[in-house]
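In this document, chain identifiers A, B, C, D and E correspond to the written order of the chains, with residue numbering beginning at 1 in each.
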């Protein structure tokens, strides 16, 4: 009864193509936005902001970027973290060359750098496919991280080789640096993420989305129906790296506060890939679900023994955590290879049909 | 010929039955019900055709028998399948091959990167009767399909559709089966080749006593070579009988042979009208 | 009363091999105090580990997780130290990074909340250079000194100082980085050493890198007596991998392994009581286990100082900051603690957060590390201006950096 | 198979191949080989504007390869192709599409993860221009364009009677419908020349009849020229205006269906004794 | 400047020929070791199109098991078969728990699953064996540890006996695998399986048997790899990262080619060393070995998208 689609007829293609063809979806999204914009900020603790809310948002944004490339365009990439790094270092350079610059402008401009780098490393995708391409993206991963380490100009010749976020403010409110309030940073990230998500939804359901999906599903056929593979693949690389780059900028400026090259190494790439896959390839919603799971899981696992009163030393706990995360990943893949988004879709489907089973 | 009333006791007593499928139900992905109680029997040394429209469930029936459903998230939820008198639902496909029942899959699944000869040799995977026996069977396959001998060293992925079809059938023969489940052997083949392949089916049937259960769209040819036929519509057997009787059935003529009424209709002048099959009425 | 002292430890990951003995030492000293004296000054010490795997990322998470209750943060990696450094000003939690972290942290006037006693990396580099040049740096003129270092903030720490000294004293300085992924496969680095034939190789290595380097050195036949490591490159476990062949390898250290009274207490109250995480009691003799004890001792002395000054057993983070700034660990104090000769005496102050206590050279004799030098001291005259300059630079690039007006020197 | 000849008389006569009709595509002395394998040897034939041209031949004769040559997926080593009177240079497949050549495939080549609607819309990719920024905000030019093309696509959907499956992911459709969606996608490209590679393989009679109806309608209502590969002789005889027969990469016959059917070479190589 | 970059490195190679030979040898040996890891990947990829990311951790895990068993007092002669048994059990559990339920899923899902396996084994391994660096029981296994010193061109080239052992083992493994894959029924079945699961099932090839077998062989290769790597650098979880070194090798040699693995491995080993020594260290600040192999393989791939020895990608429509 909750999901009744009957009686909602569309009389024009505009209406049929609206973002939420079904009213209930609209209310659901409204509810989620309300939660994110009003309820969480009122209730969350500092720890919740820093360890849960902000990371979930940033990771899901990065996963969204990756999903456009891998889930929509079918080009497996293992270099996400490096492209995040490009975004982060570009933002850092912008902010240190033009200290008065608005941080959001800097972040959105930096996206273009990572988009350009993404396109450069995406060029081989015109020849190379599948796992070969995946390994090739590792070239970007390793080369860029090496560059972050060796090119001292990037980190302003800091002795440590790390970049550190200085304090900056927008409209008189401190948004970055150690003195920025977590809730402010949360709102900053949330706004960016909402905006980019909306863009991504539009892109994926329009012409580009179709080109990407066609390339993913059968690239030869796509070419034969008139899609230029070069355009499809390179725009996917560009858009994906752009979003990923923004996520990188946010990661450093609104969450970590500092970063060394290592941060952008392969484990982060894998983590983002996990989120995209566990969430569901080729789905926007999945990124958020996946990020919630992957971010919350270790936090919960860490708190669990304490909550249950089981004495366990930190190393053993860590080993167990790693084991459990590994096992859970496998379990999730087995239960629903198409990810949490599919899970949600099935539930929704059932609700529409309810009370009939088929 | 009757409209699928009580098939069980009518056929199961026959001692000459090699395969009998009793009232099976198949579900894919836990939700998609595809076969809704299908029963059929194949007599020893018989050629039985399984006819029906696209998506009727022919392939599913064959895969249920050969136990290849698992890999596609499908399962038999009801009913029994007896091969040579033993229940086989729980067996793995390779066990079934060892017992002499092999499937030739729809769509020519050849091993693309293996040469034609290697493809054929994989067919002998379950055999334990030594190299020389396998060698001589290989020769036999080449006798049946001279084209394969010509292309024995080519990678199967680069051979044409017809050659791949021959390769798939030849590969099945290499296991020395007593029963072959043949899925759409004629699909995409030139008319001449279709006849050739069915001739080989007949030869095998007569010379080696191999039984066949074949799923076909090409009703014409299928009923020419088969001894008995079943017609499957959306997961149910709607009609069965001797090949000859089926050939003369008005409905079959109308809907499967295209020769109903005033002889063969032309494809150019098809009118759009919703026809109703009598058995569904 | 209870005092919560978390430790951002790493018993997992590629650096676990060297991390574990240190963490064990730290833990066991605290447990011993709890068992023997019921804590410190009437306050029980709650020693809690948060696992970082030497990963900066996780380290920062641990910092965030523990900071609300903690009186101190022990980040245990230069990378983590650098990242939490700006935050500690805001969160008002002292960093205790004994023998690691950012060398300019010595400048307490800039880094009010950070402490790296008894000695900094630049002090260490200076002491090593003093040792290999027999106290006369100018004798290195025309020679070549290589720095084989982990390509990580930790490994890069000594570079500015050595660069400066090389320029001043006319020796050639050759940094050779080892990437985190190459730690176990250093043949390219050692081929470079073979080609360049440096007169000395100084190692700033950690974890699996140490064993890899020593193995390669043996293979390349680099003379062991010209090969010197920082204190983190002097772990018995690493050298045991090469055994006899590593004979002559040296490592600077600010603790000397041996049997001290305090060790007996730990043995009776912790190890024998079954309350230690040590694999075997033998490991108590290792350099690193004992260094872990020294590290906890420094922290505990800070707590004691704060308790005395503020007259309360349950001190808070800001009070501990004062305590760490007013450490005075003399030979007498060490003797009282049953640690005479175990580590260097030092004292900290408002302007000096390191203490610059000096150290000794240890040498691997094939089975264990033994002391082979008198106490070595760093060249403070050279280091101090550099520290001041870099500290100011840091404050500037992290502007607005809080000054000490809120925490006037007393 | 005498029935075929008899049928011919019954069925309404094919429009006789008009000699002065414009030549749409001309293939001259084309040869194509892969390594050692000669797929096409020195083949010439033409396709007239508005006709249905069948290409038949045994398996491996090079029929599919021929289509691949026509739409630029393979590049012949020798020979020339003239398109609408102009000699065509080496082109990319997507260029062929913008020139007006669309096709379907022997093995269904739909975009399995996309809905029917999206598959067909994808066929219009070359005609859509809105830039990425308008796409992003889904406003202005992008929105207008999307709706305009959607209307065209809906017409095709109505024409092929696939309204009910608009939103279904094509991977879940039965084979027959997939073939139909593929046709719809090709039609969405609004081609001059439509290449159909075995559109009726694996179909039952009823579906073949439906498909035939669509092909004839496309040809007659839109005036689209069609090149058709098919193994069902009934279909070929009834639908096509002219037939070219290939065997082992060579052309062995070319002409009106009934001529070809009577040709001894064709009977030997392809139809078999029974026909 | 141009001279420094383009000519001088070559001049140096000739100026110090013994050193250059040593560089070649070191590169060759590293290459062989990379190839060993790559072999495990290839085998599994060939039989199931699974990109087994867990190969690296299997190397560590097997070596740790061996050393761990030995330290528990099991003599070397018994520890080896026991380790093999453990690897067999591992293969069996992976087949049962991971592969069987995931049959016919997209490549990327299986790839992810192997990352899951990797994490699980990292956690499990450290839990059981601890994280410290252990010494490989080289002597107990009878691996010679001395070194030969050659003296060409008046200089010296050191050749360690354990490296020679590694090379010999690698050659034996490669030859063995080639024979096994191309000449035996089982090998043919493995290759068939890689092409088409369903068809392989239909001709009676049992997926579980083959997968257990293949993962077990990969486990054996992992053990050999673990022993020779461990002999060089000790055994600890830091060894896990060497798995990355196998990836460019695979890319260069071709994901499903055994000979590609060894040729690619040696090519990459030698080239990365030469590049690092003569270009990377002097001009680029060193540590180029992390990315050079990838970039190099990438460039080669632009000309041969399936790698040097990979199977041609069959692209037909």
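Note that in this section a residue touches a chain if its C-beta (ideal position, glycine included) is under 8 Å from a C-beta of that chain, and two chains touch if they have at least 3 such contacts.
The shown structure was predicted, so the numbers you read here are calculated from the model rather than taken from an experiment.
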Measuring centre to centre, with centres taken as mean CA positions, what chain is farthest from chain E? D
Chain centres computed over CA atoms; the one at greatest distance from chain B is chain C
How many angstrom lie between the CA centroids of chain A and chain E, rounded to a whole number? 32
What is the distance in Å between the mean C-alpha positions of chain C and chain D? 76
Where the centres are mean C-alpha positions, what is the separation of chain A from chain C, in Å? 38
Multi-partner residues of chain B (each touching 2 or more other chains): 158
Of all residues in chain A, which are in touch with two or more distinct other chains? 146, 149, 220-221, 224, 315, 318-319, 322
Touching two or more other chains in chain D are residues 73, 105-107, 109
In the complex of these two chains, what residues of chain C are touching chain A? 9, 11-12, 16, 20, 48-51, 53, 55-57, 60-61, 64-65, 68, 78-79, 82-83, 86-87, 89-90, 102, 151-153, 156-157, 159-160, 179-180, 277, 390, 397-400
Would you pull the chain E residues touching chain C in the complex into a rising list? 16, 19, 22-23, 26, 30, 126, 130-133, 135, 147, 158, 160, 229, 232-234, 236-242, 244-245, 272-273, 276-277, 280-281, 285-287, 289-290
Chain B-touching residues of chain E, taken from the complex the two chains share: 103-104, 185, 188-189, 191-192, 194-206, 208, 311, 314, 316
Can you list the residues on chain A that touch chain C in the complex? 47, 50-51, 96, 146, 149, 156, 158-162, 164, 166-167, 177-179, 256-260, 262-263, 265, 267-268, 302, 313-315, 317-319, 322
Quick one: in the complex, what on chain A touches chain D? 13-14, 17, 19, 199, 202-203, 206-208, 210-211, 213-214, 216-218, 220-228, 235, 239, 282
